[in-house]
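Working notes, beginning with the structure itself.
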């Protein structure tokens, strides 16, 4: 999971990109980077950490220019070299290109080898972004006969890139002296949208992973980028667009609606908040079928992400909605002192239960999803310690049973509590009196209710169907072997993009 | 507003104090400090910033010892020297004492002069903490005839201190080679509670501003410290307590229940969360009297602090509770670039409205309180832009009309929107169709409903009654002149404690 | 002026390169960088500052690998972007190459344009190193038909590079997965030498700007790299060498012997220290001719660089050698305080005169060279204030009258005190009673006395003859215009390499 | 060893103190601190490190005020807490005093205990500076009956302090709201001098450890502070002086002339440089007696400190003076890499021999002194490897045989190569063909030749006579036991001042 942004303006863009990255911070707290184009000169600063920590005044001063891109990266398994894998990446030939992306290439390893054996392009890191950038550079070289680039040539290169890469990729790039290129993969798995602002000197354009990153800084959401589509904005601000994929089909990642995106974003015509409410409606129906009416005294969310679903569940069931859990925002660290034992952190430092809301009550706790089940277990326990009579647990998403190969950092199957278990077994593991999961079809229908044109989704975590068609059991096994390897080694021989799938850390949260 | 903690243990306390300061971070985001006592040697680290930024591994390694105190300080008007005013403070004679406090001495200026003229004690900063510490040191010198200190002597010194200082003060201090001293002022304005933990080597004690800072790290809340009471815990962990004030009377600051304290804390026998629910009940009653039933479609909180009251209002009115506002947690800064215009930050970077919750509805927005009214104005506007038909605004606290002199950073009267205005006038200013304020008596009764022994409160912001009896119109005028002065000068000649009253910044929030 | 180093070993090289850069620190105090090759993956860290400040433990940990290069860069006109111009540089296509160099390309601007127009290679900075690297990369691409590289192919690329670039360049580079390449320009202007060490697993090789950087870390000096020669050491440590220039001719920069190099280095068969002694001999002869014997009571060096020459002058003249000036090693900065006037730094903070050595004496002060004359003026003044009866000034180098275009940061002609002035005029300007300059031919002969094979030198600063044959009056005028421009703009549109010629800062000194 | 400075001006002094500390940097590279007095408010910044690293712009901005003191501290055995022991120190009662000193109290332990038992003054560190400050504070309290301080009262307090403390101490202090106090101990062991500058608003005063720290920033050396004398400069700049000791006697530390002080300083009427020349004269006489004339071809110094003596030896013997050793100024560190062996640093990184000066010659190497003998051994070896036929070693100081208790960090007797050994034995240990030591009486006479009033010296390292009369064999044994203890523990229970005697580190050097 990452967030990207790209812009061509007529005034300096460093603060603009910084502000929009802050609005995308929930998509990645591991590293942040901004690259600007000042005429045909690039300037870049990137480092591990939150946006607010990575950029100081001196860094911002080193980012002049009226065009640029930015990126925030999701936490991945810690590695000494990971700072070198922060985005954006740069190649100087041909033309000079900087690129950031959100997604994961499923065939990055083959491409890595092919780039060297065929094109003598050296890839220095395990980042699939570097591979993607070099494929694009290579295609630009092939597409352009002479020196000059024009939009048709650039689009031809994108078409070539589409044919070579597999997986998910939403791209923001700058070509030195030419302009900004944005591309969404032919399945539209990861989100990307286009915004504009009217200025005294004309309309200006911007792309971002989520609409909130445009709207929060004064741009208007124009539309989503279509799957396979490329958008090029030259340095004069002129917009060119073209469909560059052979068979584009829109199957957006449904996890964006479930958990990843900000509720105040709108993705592929669907306000995320509305989708979550609708998931609450469907969840309520299922709960009504499975739990007898009088068995629930109150409905409670786990702050912050499950509030919309929980509110709606309460609403539909006609049961009181209560906020029984309080979330602490200030998280610190445990210091290793020579000769001192490490104190185990109490869960209370993150979440606390309000006794009055639990005492003697049958509580229905609604979470957006359940991954490993360990947090759910602790939450159920807290509820019981706070005096709950009965604890029913409901997940606004269906059971998470499969790894994600499209850019979400997800555990291997053996770590997923729902993998190979019945709902009753899972309920027992997390300690709940009853566990209700959303149905896969209901989840999809919830989103489709709002935008009926969305025929299909990438819902691979839930249904095991990988829309790009290149993922088989052997691929998943290789992935899981690599992960165990990485766990043993510290980092392992795996690419960052694959490693990034290994942990879905809930701590960062999307709020 | 500040948060303090003090502990005597049999094992290193640096991580323990760090963890508890994180739990008190909502009480002060301006500066943080920890001082430990390693035998009779003190070690200290303090700096401006959040707890997580102030303490690095090397700082923690420099804080050995099994006893210590910690403090977090509220944002105050920025000053180059303010780092020197971070707490704790240290004096070496007599005995060596380090001290941190929460509160504000209303007679610090007279004490400052008296300390020098009578005792030749030099006060190097404008911090009232340094004054308080020197009064205590001076009284310890007077109380002790020979060398050795014992609890009665220490308590005698506290009694002397009570007689000299005015205002609010909850204190945690360490006397080198002796132990930890905690004191609450004779009116019990600021909170202070005592906790304990059973260890293999016996019971160990801790004091903190709020119970959550004890409970979150595994201590059990024993009780609140009584107004005027002093607690001494020697280095062997033995507890001594004594009432040291002549006429103690418990009048806790009601703003703690309204806004300052964490909902999962319990202050003077009243769970803060419960008090907020109860304020919601009373607010609902008033709304019912003032607004016709059909005029409200939904009730909405301003996240995060007004949720309990809003939930209860919705409940009592039988109206739908909806979370229409989304709060962004990642806040950055605006960089000053040479030759670039500064872009005004959109409110959307902090708060965003969900269209579906507002469109065509009559919305009742509940906030915990209204200070300047500027934020309320922006929120009402966002609601209207999101499509609200009608916007009714309710405040779970009564109108804020008076400055606070007991440690809360509050604007001058002229900046308080409620000062000298009717509810209708205020409604017009914030742009609401209707504005409903809690009544003062109802607010007090809400807390008293839970602990009937709480006869009286410091509710000076609301009712203008200053319980310490030493605040008159002249004092307030001097305060306000000093503030204008400070605004002009940058810092002014005022003490930190007085300056700290000047701004009630809502941005940090208590959650 | 820069220093470079390159090595292929069988064990980690980060500390090795760090240590050798310290030994080359006198060649550049502006920025430092190390890049290592770990298999075919590169790791790099570079920043502005001294070696000891640029590399911290965490940086060194990020530099694994048994091969690598390093560089120190000379102070240049301060520019916000200069950190981006620190060396080494990297291009990924073809093969992946990192490169650092010492020198200056006189045709970098034409190459910059050609690289883009012909090869679509984007050059992102004004560094001529980036241009040089891209020429090399381009030639590697042309030279290699298939994928695999072998030494003949690499040498063919170097030959191609020699044909395209003009100026001075001593290069250390790494080709990913292949090995280390070192090249000296066809005139051998800047020094480069080859060293080896015997290890249990065989002989290992290293190149460096000066022999001291090899010998100081335990390597043995094998020989100087010949002008135009390329040396390739594959990752197994095997050495390949080839002459790649069409008409190589050795004309080493004579300023290395005069001032730049460390006295304990040996360049092109000439121990620098010995050359300086010899220059002292010739200078003594000239002094004897121009100054009457009894007119000199003592001979004094300016510490540290003119000691050898001064000692020899004293020796030959049979006059007492005295160290009358003391050099302070601890230099600080002047802080700009708001509202405070800046105190002018006294020269005494750097140099101090010992009264007893001057009082009533006729003093002959020997410096290695005179550039602007301002320091000489201050030194003469100090001598007089210390009581000198007469001050005679001698320069071990001839008058500096022309700019340097081969990598030494030298003022424009109008700033050179010797430009267009007679010795008597210069003596008047620096306030000396008499001024004696070395003769150009004597200076050259001094070096040639030690290695008679050195027929010719780059002595352009002194004789205005530019050995590369491409420098005409128009070039020099363009350079000087650019410099005035840069002085006005802060940085200007000029390349770093040209700017680096603008200031010959004596402060760093070579010791 | 430390350096101190104190000043009262009419304009800001932060830059002034910073500049003078740079000039005293050779007296202490371990830590640096500045405290300023802005009216009666003190500001302070201190930390471990060199002056140039400790003070950044933000620190300097935090040091307003027209009076202040500064200090540099010598490297001591590393300890986690040592940053807390950086000077200056502050006590607030009575009056508020900040103090820095150079020296060592031999009875600090007794004073430490007495201060607590009698005065209940808590000493928080093992620094004898904190003890000294508290004795002064205590005496100020006793001396002043009422509130107001005047010079006679302050001098009375100094007299009381003189009676209580033993050892060496040169003090610069500020009394809040009053002015600057400077004191030299009754034996005048450590240097302290007074300077002045004429300003438009009158004469202004400054004190410093060495005259160079005054002269280098534009002050004129007025005179040395007399042993036992106190100087007080009030905030209006008025100067008061008084002899406060009962039996003052001037016995300055002779090691200042031998090695510690800068050659361009003048201490107690003796230019340090001149004293070193004179020591060279006497050393030459002794060499002439012990070595046959033809046995020496050249005389060489060890740069930088032995140059004056060596020059004079060469002169007197009529032998050539040559600089055969080159000193590298850029020293780095050895990084500990996980799993990598640490490379032993070659001595060549610090010192290098010029072959031409040694080959086939009988070399007389002159050093200022010999402490452990290990460096001498390495130097002799280098000379031999460079081709020396014979190596004769001479020390401008007599054999170092006893510990220093007056503030010089010196090894224990068992580590001193001269302790209990004949010159022949030492020559064998350092590998020299012959070793010549200065005689104790000659060394003293060398200084006395320049200022005949200097009857006596602290030359305890050489003659074992401790002028303060309180050092006996038991004291020295306790010191050495403590040192072994500290070596075992890391830091030990010893005070910093005692520990600071443990290592005489030559690396920093005095130049």
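Letters are used for the chains, namely A, B, C and D, taken in the order the chains are written, and counting of residues starts over at 1 for each.
As a working rule, a residue touches a chain if its C-beta (ideal position, glycine included) is under 8 Å from a C-beta of that chain, and two chains touch if they have at least 3 such contacts.
In this text, all values refer to a predicted model and were calculated from it rather than measured experimentally.
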| item | value |
| --- | --- |
| Chain labels contacting chain A and also chain B | none |
| Greatest separation from chain C - chain, by CA centre | B |
| Centre-to-centre distance between chain C and chain A (centres being mean Cα positions), rounded to whole Å | 51 |
| Mean-CA-position distance for chain D and chain A (Å) | 62 |
| Inter-centroid spacing, chain D versus chain C (mean Cα positions, whole Å) | 38 |
| Touching two or more other chains - residue numbers and ranges from chain B | 61 |
| Which chain pairs touch, all of them | A-B, A-C, B-D, C-D |
| Chain B residues touching chain D - in the complex, by the definition given at the top | 40-43, 61-62, 80-81, 83-84, 90-96, 116-117, 119-125, 134, 137, 141, 144, 147, 176-177 |
| Footprint of chain B on chain A - complex, ascending | 11-12, 14-16, 18-19, 22-23, 25-26, 50-52, 55, 57, 60-61, 212, 215-218, 262-264, 271, 273-274, 277, 307-308, 311, 315, 320-323, 326-338, 340-341, 343, 345-346, 348-349, 352-356, 511 |
